[in-house]
C-alpha cells in the first residue's frame, strides 16, 4: 500500500510541474516582442492583412483565453499546429525527440566512461602527481563552454583529420530501412552495423562536445564519493583478506560510491538534454534543440510551447527513472 | 600574417600536436552533388505561411516548382510555364498562353487548369496567402484552350513581375485536391527540374533529376542539399570535402579557400540600409544629411567585407529597372561637420540618438553598425547601439516604433522600384518608417501608372528626392560568396537563389 | 598527551594560491583598466584591422595583442572585458546565492508546506531547458547587462536551493539543533544562529563555482548573439566575433578565450580548494 | 619460538619529522594472547595496521622488521605480502556498523577470502561459513548468510566478523578494540566469545585496547605504549602485582575497579606524564645519534 501511495503522490507532483511549466512558458512567449504575424508580413501588406492573419492564427484573443483553448486541445492530444511548418506540433516534436535522446544517451555513455575512468585512476593513484593532474583536467574541462569544445572538435577531427562527419545525423545518400526514428538503436537491432558505424561517425563529435563537461562533473562527484568510501572499515578489512588495491576499489568501494553519484548524475543529465540546443545548432544535428532555435527565431509559438513541454516531460521521466534505479540498487530501500 | 594550417594546429586549444598535411578537397568525379545550404526548409507549400515570404529559401522552391514566368540569372524574365502574357488594350483583362507538353513529377499532364486554379488560390484570403493583396487584383480566372484569361479588378503594373517573385509558383490542382495540404507537405510534386526523393526536416533533402523537364534535364542526377545553419560548420563541410558547394560563408574564409576551390562572388538583389524614423533628432535634415555624408561606405566594404560589396546611394542597385547612376551621396566628413554645426552640434556637443541592429542575421551586420558608429563619433554624432532579434524588428516596424535609426536588409529579386523604394518609403505601408507626406504625394500616381517609361522616370525622381533629403541611408548591395569543388561549375543567380539546375559538371 | 594526529597540519595547496592569485590579478586589472589599458577599447581604425600580436611579424607597435577586424586593441578590450566579467560573476553569483540559499534554507529547515511550495518551484524551474529559457528571457527583457544577470539568477538559483535544502535537512536532524530549541529559541533564530554557520562552507564553495558558471553563461549567450548590445567589450562577445575569422585573426578569439578559461578554472579550483579545507575527513 | 617478532619498527608522517612509532619491538608466541595498551593516539593501532599492511598513505615505515612465521613482511613484494597476510592473519575490526559492505549479502563477505585467495571451492567455503556462524551462536545461519548487514544488530554483525576472521584458520588475529563500539551488555558476551574461539582454534591474538579491565580478563601478556614507544612488556600476572614503569602504575591506578568504585578514579599525575614525555624525547635523541 505504501508503494502505491508514494507513486500516486509522485504522479501528482509531476502533473503540477508540467502544468506549472506550461503556464509559465505560455505567458512568457506571448509577452516576447515580435509576433509570428510580424514575421509573415510581406513588403506590401496592409493593416487589415495584419488583422486577418492574426485572427487566422487565433492570436487576437486574450492570453488566458488562448491558454484555455490550447489546454483543451492538449487534453485531446492536439498540441496545435506549428505556424512555420504547418504540421501538427505533437507529431513534429515526437519525430525529432529520438534524435535528441540518442545524442544525449550517447553523450552520457561517453561521459560516464571518461568520468568513471578518471575517478577510478584518481583514486587508485591518490596522493600522487597524477591525481593532481586529473583534478586540474577536470577543472579545465568545466572551464570551457561546450560550444567551444564543439568548435575545437570540428577544426580538429572534421577538417584537419577528417575522421568524423561534421553535420547531420546520417549520410543522406544511404537509404534507410528504419521504421522508428531511433536510428542508432534500430540499426543495432537490425544488425546493420554499416549504418550503425555511419551514424556513430556523425554523432560522435556532438556527443563528445556534450560529454566533456559532463565527464568532468561525473569524475569529480564519483572521485569524491570514492574517497569517502575508501575510509570505511569494510575496505580496510578487504585489504587484510589479501585483496589487491584494484580489486578493493572496483568490488568494495565502487558499488557503494555509485549510489550517491547516481542522483547527481541524473540531474546533470537533464541539464545535458537542455544543453543540446547549442550543440545541435553547431553540428546541424536534426534534434529537438535545433528545431527549438528556429522556433524561437521565427516566433513559432505553438512549436516552442510543444518543445518546452516535451523537455519538461523528459526531465520528470529521467528523475523518476533515477529514483527507481536508486531504490533498486540500494539494498536498504529494496526491502522497504 | 597569413595563418597557414600548421600555425593554427599549434594553437588549437585542444593542444593536439599533429603533423599538418595539405588536405585537397576531393577532386575526383562527383556522381552525387552535395550542397551545404545555410537555412532550414520549414515547409514545402511555397504560397502560404512565413516561408512563402522568406527570400533565403526561394532557391529550394525554384528547384522543385516552376514559376509562372522564368527569371533568368540576370533578373530578366523569360518564358516559363507561360510562353506569352500581357494585358488587353484597355487593361481590363490579362491573358496568358500556357506551355504544352509539360508533365508533373507524378507523370500527370500540366494544363492551363493548373495555372487558373493556382492564381485563384493565392487570390483567396481564406488560404492565408501573404501576397493576397497583389493576386486579389485579378478575379474570375477562366481557361480557354491553352490560354488563361482573368479580369483586372484593379490595375497593377507589376502583376506579371510577381509571377516570378514571392508565391509566384504553379501547384498541381488535381494532385493537391486529392492529397490535401498535409499530403502535399508530405510528398510535394511540381514541374521543376528536380523531384523530391526524400526530405528529413532540419537535416537534408535529396533531389532526383526530372528526366523530362521542359527546360532540359539538369547535369547532376542526384543532388543532396544538407541544411547546415552554422557558417563555421559550412566552411568545415566544404574544406573537408563532405560538401561540393556552399554559400553565405564569412568573406575572410571565402578568400582563404578561393585558392584551392573555385569561388564566385556576384552582387545579388539584397541591400543593406539604415531606416530613418521621422522622430526626435531625425526630423532635422542637417542631422540626417550629416549622418549620410559621414559614412565611408567603400572603406567599410574593403576593410570589413574584404571588398565584397557594392556601395549604393539609393535603394536601387545597378541591376534594378529604376537605377539612376547620376544620384550620388559621397563620403564627405567635413560637410557632415558643417551641417551639424549649422544645427548647433559638434564633436564636443554631439547629437545623440539610438541605432538598432540585428546581430549575426546578415554577414557582419553588427560590426558594420559599430564601424558606422565609430565614423559618426568622429564628426559629432553619438549613436547608442541596441541589438534586437529580426522578429522584434518586424514588429517595431509594423507598429512604426523603430528607433531614430535602424539597420536592415531589403531583398527585391524582381528589381522593380515599387517593391524596393515603394514599399520601403511609402508612408501608409506598414513596412515603411518614413511618413513624409512629400514622398507619399510623389509616389501615389506611380502605383497605377500604365506608361512604363513614365513610371520608371517618376520613381527615379522619388529616389533623387529621397537621396537629396537623406530620408533613408542606403549602404551597400550585398555580394553572395559561393564556393564549389573543382568538379562543378556554378552559375550564380542575381536573386541570391542557389539553383542546383544551374550547376554543370566541370 | 602526545598525539600524532594533531601534527598533520595542512599547508596551503598550490591550487588555492594560484587560483586566488589569478583572481586578485583580475580584480586589479578590472579596477585599474582605465589607467593600464594602452588604448581606448572602443577606438576604431579600420585601416589597422586584424593586426597580429607583437611577437608575430607584421605587427604594429602599441598593440601588444593585435587588433580585431574593426582595428580595436585586443588587450585593452580584454582588460575592460574583465570589468564586465567580474560584475556578471560577482553580481549574478551573489544574487543567485542569496535567493537560492535562503529558499533552500527555509525549505530544508522549516519543512511543512514551505518545503512543498519551494520544492515544486525548484522542480518547475529545473524542468526548463536552461539555454532555451535564457534565450526566451533575454528576448523578453532585451539584451543588456541586467537581463543577462536576471537570466543567470532565474536559471541557476535552483542549483543552490537544491543543495542547501538537502544540507539544511541533515543539519536540522542533528541533536545540537534540538538543544537550541529546548533553550527557548524561536525557529527562525535557530535557523540563522545554528544551521547557517554549518551550511556556510557549502554556500561559499557553491558561490565560487557559480561565479565561474556565470561567466560561461555570458559566453554562451554571446555565441547565440544575445549578449549585451552596447559597444562595451565582453570576452564572450570577442570570442563570438573572432569565430568567423579564426584562420585570419586567431588572436581575436584565442586571447579572450585563454583569459576566460583561466578565470573560470580559478573559480572552480578555488571552490574545490575551499571544499577540501572544510572537508572534515582527513586525507 | 615466537610466531610474530617485531624488531625496532619505526614509522613517521610522510615527508615530515613527526615520529609515530619509535623502535617498537615485541613478540607474540603461537597461540599467545598479548594485549597492546595505551591511551588513544599512542600508536597502538598503528602497530596492528603495520602488521596487516593497512597503514594510511600519509604514514610510512622508516625502519625495523615484522617477521611473521620466519619471513620479514617488509622485505616481500606487495603482492606476495598481501597473499601471505590474507592466508595467515585476520582482523577483527572495531566498528561492526561500517565493517560490513552494505550493498552485499553476508554469505559472500565470509566466503570471499576462502574462494578468491585460498582457492577453496564455493561449496566448502559455504559449509565452513555455516559451521563458523553456528560456532559464534548465530541462530539460523542460512537466513543470515542471505540477509544484508542493515538487517542485523550491532552484536550480531560483530559475531559475523569474528566468524569471518577465524574462517581461514589464521595463525595471528589482530583485534583492534573489538568491543569499544558496542554497548556494555554486548561487550561481555563478545569478549567471552573471542576468548572461547581463540582457545578452541589456538590462534595467536594481538588485542589492541585502551581498557586495562578488558586486557586483564583476556590477555596472557601485554605491552604498554606511550607516544609510539613501548614502555613496558610483561606477563599479565606480574604486571598487575608490580608494574615496573611509573606510567604503568599510574595507568593501573586510573582504572576503575568494581571493588572500590568511588575511590579509584585518580587521573595520571602530571609529573608522571612529564617524565614519560622526557623519556620519549630521549629515545628520539638517541635514535638520531
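Going by the order they are written in, the chains are A, B, C and D; count residues from 1 in each one.
As a convention for this text, a contact is a pair of C-beta atoms (placed from the backbone, for glycine too) under 8 Å apart; a residue touches a chain by one contact, two chains touch by 3 or more.
Keep in mind the model is a prediction, meaning the values are calculated, not measured.
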Any chain in contact with chain A as well as chain B: C
Return the chain whose centre of C-alpha atoms lies at maximal distance from the corresponding centre of chain B. D
Counting C-beta pairs in contact, which two chains come out on top? A-B
Whole-Å gap between the CA centroids of chain A and chain C: 23
Just curious, how far off is chain D from chain A if you go by their C-alpha centres, in Å? 52
Starting from the mean Cα coordinates of chain B and chain C, work out the distance between those two points in Å. 43
Residues of chain C touching 2+ other chains? 139, 142, 243, 246, 257, 261, 283
Would you please write down the residue numbers of chain B that are in contact with two or more other chains? 8, 13, 232, 388-389, 391-392
Provide the list of chain A residues touching at least two other chains, using ranges where the numbers run on. 32-34, 126-127, 144, 148, 151, 155, 281
In the complex, the residues of chain B that touch chain C are 1-3, 7-8, 11, 13, 231-232, 250, 252-253, 256, 296, 299-300, 303-304, 359-360, 364, 366-367, 370-371, 373-374, 384-389, 391-392
Partner chain C, residues of chain A touching it in the complex: 13, 16-18, 20-21, 24-25, 28-29, 31-34, 126-127, 132, 135-136, 139-140, 142-145, 147-148, 151, 155, 220, 227-228, 231, 267, 270-271, 273-275, 277-278, 281, 289, 292-293, 296, 304, 307-308, 311-312, 315-316
Interface with chain B, chain C side, in the complex: residues 42-44, 46-47, 49, 52, 56-58, 69-71, 139, 142-143, 225, 229-231, 240-241, 243-250, 254, 257, 261
List the residues on chain B that touch chain A in their complex, please. 5, 8-9, 12-14, 16, 18, 20, 23, 32, 34, 36, 40, 42-43, 45, 48-51, 53, 125, 128, 130-134, 166, 181-182, 185, 198, 200-204, 206, 222, 224, 226-230, 232-233, 236-237, 239-242, 388-398, 412, 418-419, 422-424, 428-431
Chain A touches which residues of chain C in the complex? 15, 120, 123-124, 126-133, 135-137, 139-140, 142, 162, 212, 216, 219-220, 223-224, 239, 243, 246, 257, 260-262, 264-265, 268-269, 272, 281, 283
